[in-house]
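Handing you a structure now.
Chain nomenclature is as follows: A, B, C and D, assigned in order of appearance, with residue numbering initiated at 1 for each chain independently.
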Amino acid sequence: MAHVTLLYFASMREKLGREMEERVLPESARTVHDLIGWLVTQDADYASAFAEPAKLRCAIDQVLAPFDAPIAGAREIAFFPPVTGG
Amino acid sequence: MAHVTLLYFASMREKLGREMEERVLPESARTVHDLIGWLVTQDADYASAFAEPAKLRCAIDQVLAPFDAPIAGAREIAFFPPVTGG
Amino acid sequence: MKSVRVQPEDFDPGGEMAALGALGSGGVASFVGHVRGDDNLIALTLEHYPKMTAKALDDLAEQALARWALDGVTLIHRIGRLVPGDRIVLVCTASRHRAAALEACAYLIDRLKTDAPFWKKEEFADGRTSWVEARQSDAAAAERWD
Amino acid sequence: MKSVRVQPEDFDPGGEMAALGALGSGGVASFVGHVRGDDNLIALTLEHYPKMTAKALDDLAEQALARWALDGVTLIHRIGRLVPGDRIVLVCTASRHRAAALEACAYLIDRLKTDAPFWKKEEFADGRTSWVEARQSDAAAAERWD
């Protein structure tokens, strides 16, 4: 059972109505993809916010990561739309 | 018989010891090349200053021109080394 | 020299260029992005991921320093609410080689647009707000450096 | 907007960039060249061909405006005696498209180095002076735009 901080930015933050939460992840969640699959079973808000994973990006411990990246040992996982700075 | 102003810049000015002169050109001088050929017969200073035409550039009426450019109608012909601004 | 800043305050492009010019490289290139007032936009609010932003910008600066013969790199990105005309971002590079300075600027601004965690929310004169969508052209511009 | 100046006085890169930024394009790129103090150089004196210079710079600005979608171009070149660290030249462009602004800057500085009638004479600490020789690399850089 791994404790992890989940962060949400921009439209993800607004859709979920929160910017961070602490979660205890199930052992079945080995990748970002698994984590999303588990989250969307927790609440309809997640199902809606994660409905289009192709329009989402993820960072594990502040580094951009693909959805098949392993999350073992991660302390902070952030979800957000593609960035639009500059 | 055409009157023309000749201008010299940078090392050409220093080699010739002048920055401008008025000249009446012979009718045989149809191109920049012809003009150089005639000038070098006028004085040893010219022969020395124009000794390496490949290291010279020319502008006719303030526009860069190749040595085979016609000089008919030109009012101002300038000789100088390749430019080094910027 | 490497300087990376994320700040709500405006910055001084001339001062930043002079600081890199003082390194003695000979060439200083820069790019400044301003808020455009298209479509009755009245403001942009820039949100970011604070713990990640400084590291992402620092990584970009290091990549540019590794790829080109640069003596200095400065990256500044503003956050918070900005209005049309305001400066958003500065990229500035110093090099003996003018092409290196200018190419590194192009690289840095292209990559910043896809790799640094900033998001823009637009406010329009009619009260509507919307998050800016990432542009495919920005992804393509970033990929040309791969 | 097009502005071309040849002057002994220093210029203000930040002010020039802000003037182009005020056009509303969104993107402003610039390149500033400084005197380098290599090899015990103590000064550079820039000579030019006054009747030709303004026209040559104006032609370069027009060529850039024709080739890229620019809203503004500023070219400033100093003349006279300059010392290491001094600014010599500024190229500044404004465009909606950052790549256009940066490419046009690269074009303008490359072409300026082969097409504008300026010559540099160097003075060294030991009293020696010499005219700077044109570099083949500058000719090659200019030709890549043909």
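One rule holds in what follows: a residue touches a chain if its C-beta (ideal position, glycine included) is under 8 Å from a C-beta of that chain, and two chains touch if they have at least 3 such contacts.
On a predicted model such as this, the values are computed, not experimentally measured, just so you know.
Setting chain C aside and leaving every other chain in place, the chains that still touch form these groups: A | B, D. Distances between chain centres, each the mean of the C-alpha atoms, put A farthest from chain D. Remark: chain A and chain D have CA centroids separated by 49 Å (rounded to whole angstrom). Between the Cα centres of chain B and chain D there is a gap of 27 Å.
Residue positions of chain B touching 2 or more other chains: none. For chain C, the set of residues touching two or more other chains reads 33, 109. The set of touching chain pairs reads A-C, B-D, C-D, using the touch definition from the header.
Here chain D touches chain C in the complex through residues 12-15, 17-18, 21-22, 24-37, 84-85, 87, 96, 98-99, 101-103, 105-106, 109-110, 141, going by the rule given at the top.
By the touch criterion given at the top, residues 7, 9-11, 59, 62-64, 76, 78, 80-86 of chain A touch chain C in their complex. Chain D makes touch with chain B in their complex at residues 33, 46-49, 51-52, 55-56, 77, 88-89, 109, 112-121, 131-134, 138.
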